[in-house]
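Chains: A, B, C and D, in written order; residue numbering restarts at 1 for each.
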Amino acid sequence: MEFWRRAANPWGQDVLIGVSWDLMWAAVVGAVIFLAGHAIWLRTRPAESHGTPAAAPPGIPERIERHSLAARIFHWTMSASMLVLLVTAFAPVMGWQFPWVTIHWIAGVVLIATVVYHVIHAIGWQDFWSMFQLGVGEGIATLRHVLSPKAPAPPKAGKYPFDHRMYHHVIVVVSLAAIVTGALMMVRIDTPFWTRNPYLFSDSVWGAMYVVHGLAGVSLILLVAAHIYFALRPEKHWMTWSMIRGWIDREHYLEHFDPAKWDVTEAGGGVSGAGGAGALADASPSARRDD
Amino acid sequence: MAEKLVGTDIAPPDLHAKITGRARYAEDFRAPGMVFAKLLLSPMPHARVRRVDARRALAMPGVIDILRADEVPSRDGPREACLTDYPRYEGEPILAVAAVDEETAAAAIEAIEIDFEPLPFVIDPLDSLRPGGPNAYVEGNQFSGQDGWSEFRWTAEDFAVIDAGGMPDPSCPVEWTKGDPDAAFAESALVLEETIVHQSLTHHPMEPRSNMAYWEGDRLFAFVSTQSTQQTKFALASALDMDPENITFVAEFCGGGFGSKISGTTVMQVPAIFSKKIGRPVMLRVTRYEENYIGRARPGFQSWLKMGFLPNGKCNAIDLIIVQESGPYGASDYATAGMIADLTYTPQNMRFRAVDMFTNTPPKAAQRGPGGAQIISMMEPILEKAARELGVDRLEMHRLNAPRGDVKFGPRDSTLTSVHAIEALERGAEMFDWPAKVALSGRRDGSRVTGVGIGLSPYTAGSRDRDGLMIIRPDGKLYVHQGIGNLGTHSIADTARPAAELLGLSWDDVVIVWGDSSKGMPRSTVQAGSQTTHAHTRANHAAGMDALQKVREVAAATMGGAPSAYRVDGGRVSGPGGTMTLGRVAERAIQMGGRYDGHVLPEDIHEQTIPAAQMLAGQGLMGVARDNYGGEGNVYSWVAGFALVELDEETGVVALKEYVGITDCGTVIHPRSLGAQVLGGSIQGMGMAMTQRWVFDPKWGVPFANRLYTARPPGMLDVPPDLKWDAVGIADPTTPVGAKGIGEPPVGAGAAALTCAVADAMGGRCLCRTPLTPDIILAELEGRTGVGRLEQHVG
Amino acid sequence: MDQSEALGVLEQKYSRRTFIKGVIATGATVSSTGYLFRGTPLLGAAAFQTATERLLSLNVNGQVRRVDVLPHETLAMTLRYKLGLTGTKLGCDRAECGACTVLVDGVAQYGCSMLTHQVRGRAVTTIEGLEDPDTGELSTVQKAVMDEGGFQCAFCAPGFIMSMTAMLQDNPNPTREEAAHALSGNLCRCADYDKILNCAMRAAELARSV
Amino acid sequence: MAKIRDMIPAFELLQPTSVEAALNLLDEHRGEAWVLAGGLDSFDWFKDRVKRPSVVVDLGGIAEMHGIREVTNGLEIGAMTTLTEVVRHARIRSEWSVVADAAEHVATPQIRNQGTLGGNVSQDTRCWYYRSGWPCYRAGGNTCYAAAPQAMNREHCIMGRSRCVAVNPSDTAPALIAVDAKMIVESSKGPKVYDAEDFFIGPAIDITRMTVMKERDLLTRIHIPSTWANAEFYYEKVRDRGAWDFQLVSVAAAFQKEGDRITAARIAVNGVAPYPVRVEAAERIVVGTTGDEATAAAAGEAAIEGARALRHNDYKIAMMRNLVRRAVRSVA
């Protein structure tokens, strides 16, 4: 299997021009194996019981807003553009040939726009820290529990469980890599905005950029496949729905989340907890709406 | 009465071999155990070789050895070596590999790991002239013998003017002025100022510069493709620093050179050195792709021209600035261009400035009419533009400005032996029917517009002081030994005619000996600058006179009476004492020895002639002499070209419909061959004016027009199927035969006739750049963006 | 995969009737005249399996010549370096200049741009084959060229003469324009086109008078 | 690796004598085989040592791919029929003269004697950056050197670009589009028939190919339907030299008329895009007219709709417009 694509530049110097498409196939195969593996592995485990939810603190509404409309719009636009990018990037290589370049770069521009919006939104209006808290202990516990069913279930999470946070971080890194390199690559193609210039950087710099873009691309095959897979798993439907409807019901809330870490009570604003001040921003509107 | 040889059509003696495939060009020779060399060419326009690892290549079965730059002669400064670790253009040979067959050699070259350090490079000379611009050499962009390397730039002010489209007033390393140009311009009724770009173009002779060599002891046997023969032997000897007499130099045929193989080629050293190293004959088969790089090219000009005219159309002042694109090893076209501008338009007031800039493009060399062809094709349309604006007939304009016999030109007021340019113009006007044709100027047929133009082009056409060497053998035949090359001008045979005529021999009794130094060659010219016909009709005439005198003396000595009383004709010498055949005379000469059979040689013959004469001594009656005819002034020949074109305004395509070329080159020796020179040279000029050019990618500094179809030399369908020519035929008084050379001048005439005709078809608009390809013409006509005003190497 | 093995397989699949296998590019040739393609050991072993197939019977200038030819060898190379017929010139080796023009079954083609294995069983004529083999008498075209004083450097001459020969077969009475078109596949850098056309017209004239 | 030219790298030469055998060989040698028709494009690649197939399948011995056959509703030209045969064929000359005309404009007599119609339409682009073996998009790299700001792109395209700006070099392609020819492409999966204009593809679809043909496909026959027989034709090729030159721009057109009115038209231009362009906008304009000057001018303008020049080929826009204009004008 090849990892890189190399070529001799016009002066006969050996330069890197990108990742080998073998990696794309590897990612596809990898994804299939992981999903199948996970499905089988899950069957071998006893059904998860989270035990009876702790006595519900008072004032927890029937429907708890998990994703604001804005957040949902962001999520779906981003995923749409991401899917388009992946299809336009890899389908032609896999043999389905169509004029992909324009669609690809336009989808790229959309993605960039949504990401910019998301960052601003997350910092200004969402509970930024609820995503960026570290939670090492929680991580270890989750890992233990995954490895052996006998290990005690990890403590209930705040708004974003450990695995969600981890996935989010990986996506952030990978997409940013793809976005930055992709944006620079637009210098090399015809867009209405500028005349292209393949000589903006040296061969080797471009080569490195193509490699990063390619690696990010094939990683995204894996990540997106996994994400969709989990979203579709029956036991996760309630959460998938929350990305469509925006809310989860009290049962799932009490079953999966620690009210102490994700306070959704009217009084929540006053309660100090791991959610911290940030929690206000997120929790209070839902509370208000439930009035 | 002796058969008339001068002025008749006689097929050259080598023609039979040429048309039956027997003629052997360098690549047709074979030697037992011959192996093949291949060159590794630089992939970069300017670089330094950091590391070469040939272990894998040398380990290949069939690979014999490698030849590196440190094993071949090299000199400091901008001087070319046959191999180098410091390549100054893409395609410069770095090293050579020899193998049992070419395929193995090629595979070996590919197996060599070589690492280059890229260096800054210059493709367009103006870049190197700009403040802070790059240099073609690490050491600088100018070189002089005394001061070595330096950096030469024009000022920001100069470039401000240039970029604004004006004519700068820059300092230049080369500058001369005569008269008072500024005062003269003030008096001019019309002053034209133009920016002109003349492209660089490759020679591309049909035969690439392949060659083969082997050694027997200390003797080198070299089989080379070269324009000259004897002088190339000396060039090779000095390059290899060896005794010329230890070289057996074979160059029976040359598949074209046009200035690119004058005294051989640099690459001819490779097989010579390599075969010595490995002790086996080495054939270096140069491919067209390689020829494109190492095969030489005409230097391009970027130029500013100011011409002043009096009301009657007489040019009274010229201010000319030339930036020459000189490649890595220089060229001197610009100097000739200045001289010829002054000679052709006789302004009396002229300022000439030039700078030759080293560039990292393949090496430049004289190309048929070097300098002259460029400047004529550039300036004639300006002259005709002036005619239009002053309302003077263009033929009259050319006649008015053409030089008379008393012309003094150039910085040192050089003179001419003879000039009949005006007669050439008049004969041409008659043959072309100028009045009728000029009436067609501007005629429209649908989108096609007719244009007519005239190009008058001079060039040097002779030299003196060479030696002639010939022998009448006992078989009664005259053996004329020629040291000049055989590049297709037929001069090896034609320059022998005067001698044969003097001796009253029929052409069947004349044997031409050429192309092999072991057969004995007299001191000869390099076959360049159209010297040969002039120089060697004189030299052979002198040797013929010597032979004639000796024949009479031998006859007198044998049969009694005074030598002067003996007449030589029809292979016999007869006089008071009776008659004897020249064969018998030859036998007697051998018996008499001394100066008669060459055992005693004239004092004044050149040292290069002596070994040949000594080798031939005792084999017959020897005619050997130096050309002592002397004569003052420069020898120039002229061609006046007349063209009629149709320009299609919808496609920019120019179709040449009629062409007439008239030459003033003195006495006509071989009419059919002269016609071939006049028309062939003119067509080369047409290719220069219309299609041929280099193209370089500015980012990578590599040429793209590296195939014949991209370099675009003219083919059969690019010229009308019938072209006309004639010669004025007035003998040059300073030479006994009256003949001058013809090789160079037609090129400028053919080119200028077309650049003028195209300008005429465009209503007098001069594009002032060549080649005039459809894209450039159409862009101009349609007012679309074309190539930049001063861009070199585009298209 | 070992090529001889592959070919073994192929041989079973295709009977010789429907599938003539070109010789493969391995093994040393037994040619003694091969200068250019001496058949370098580089190209691998297994000579014994292929040497026989590489031996071709070429019909050149009326003679059948047995010659050892590599599959990727061009006709011009075989002629020049294996058969010693150096009259066929290589000006560009890219089907651009016409110096290598030869007749294949009477049709003018560029010898530099066809494989020798493609002319198997066809009649090849080169410049050396135009003279009468017995009397050495020049062909009509050659005589015409002699009459007109021929070419300049003449490196292009063999190719032009072959093209003229082919032209006269197709069109015995060409106009100058037609002749120019028929000869447009040959380049003359001396640009002696006017005289070359004179030769062509003279050749047609001689052919008619014969 | 040091650059060497004009030495064909060794390959295995296979000379099948039937289409079936050829297709089997292509399957057999998937990924390493090169199809050789007349060879004039192939030998260039080989001699440049840029393309180094280990197996070459020479179609020269396949009798069924040679010659011109009369078929119901038209002619069928074997893909291995030489251009000279096409030029000299009586019916093509009289009924589809534009095809003979185009074929006669190819390079030189020697090349037409060897080059085939199939090869002429299948040949690769002449972009000199690509032909030099540079790692451009078309060569599987990630750059178009010809579209760089300072690049030399006088011969390149003014429309249909997608990263690559090369042009299709075929002289016969536009003529075949003008007569609505059908290309029959066979593979071991069976034959497929393409309209001439769909046979050529642009870089947007696949930047590494000029035609629909993938590896293991063979263009075996070209069918010329009677539909356009004896129409009024126009062909013109603008080039730098009178012989051995590719088009700067070429146009081929066919017009059907009733009285002096044009009832149907097909106009194709080559040298302006990575594929021969059928200018339907111009066709629509001329139908119903007499091909008068005004119509011709309008058609010319319609043809260059959306054309965009590179640094050195702005002239091509005018040239294309003028050639289309001339083609239409020729009818009147």
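In this text, a residue touches a chain if its C-beta (ideal position, glycine included) is under 8 Å from a C-beta of that chain, and two chains touch if they have at least 3 such contacts.
The structure presented is a predicted model; accordingly, all values stated were derived computationally and were not measured.
Under the contact definition, subunit C and subunit D share the contacting chains B. Under the touch definition stated at the top, subunit B and subunit D share these contacting partners: A, C. Taking each chain's centre as the mean of its C-alpha atoms, the one that lies farthest from the centre of subunit D is A. When chain pairs are compared by their number of contacting C-beta pairs, B-C comes first.
Subunit B and subunit C have CA centres that are 33 Å apart. The centroid of the Cα atoms in subunit A and the matching centroid in subunit B are 73 Å apart.
Put simply, the C-alpha centre of subunit A and that of subunit C have 68 angstrom between them. Chain centres here are Cα means. That of subunit A falls 48 Å from that of subunit D.
Looking at subunit B, one finds that residues 43, 102-103, 287-288, 697, 699-700, 702, 708-709, 714-717 touch two or more other chains. Those residues of subunit A in touch with two or more other chains are numbered 10, 12, 199.
With touch defined as above, residues shared between interfaces to two or more other chains in subunit D number as follows: 1-3, 6, 10, 132, 145, 148, 242-244.
Applying the touch definition to every pair of chains gives A-B, A-D, B-C, B-D, C-D.
Subunit C contributes residues 3, 7, 10, 13-14, 17-26, 43, 70-74, 93-96, 98, 101, 107-110, 113-115, 117-118, 163, 166, 181-182, 184-185 to its touches with subunit D in the complex. Looking at the complex, you find that subunit D touches subunit B at residues 1-7, 10, 49, 128-129, 132, 145, 148, 150-152, 154, 238, 240-246, 248, 309, 312-319, 322-323, 325-326.
Within the complex, the subunit B residues that touch subunit C are 9, 11-12, 15-16, 18-25, 27-28, 30, 34, 36, 60-62, 99-104, 107, 204-208, 253-256, 258, 283, 287-288, 487-490, 672-673, 675-676, 679-684, 687, 707-709, 713-717, 719, 721-723.
Interface of subunit A with subunit D (complex): residues 5, 7-10, 12, 15, 17-18, 92, 97-101, 188-190, 195-199, 206, 210. Put simply, subunit B touches subunit A in their complex at residues 43-44, 116, 118, 697, 699-700, 702.
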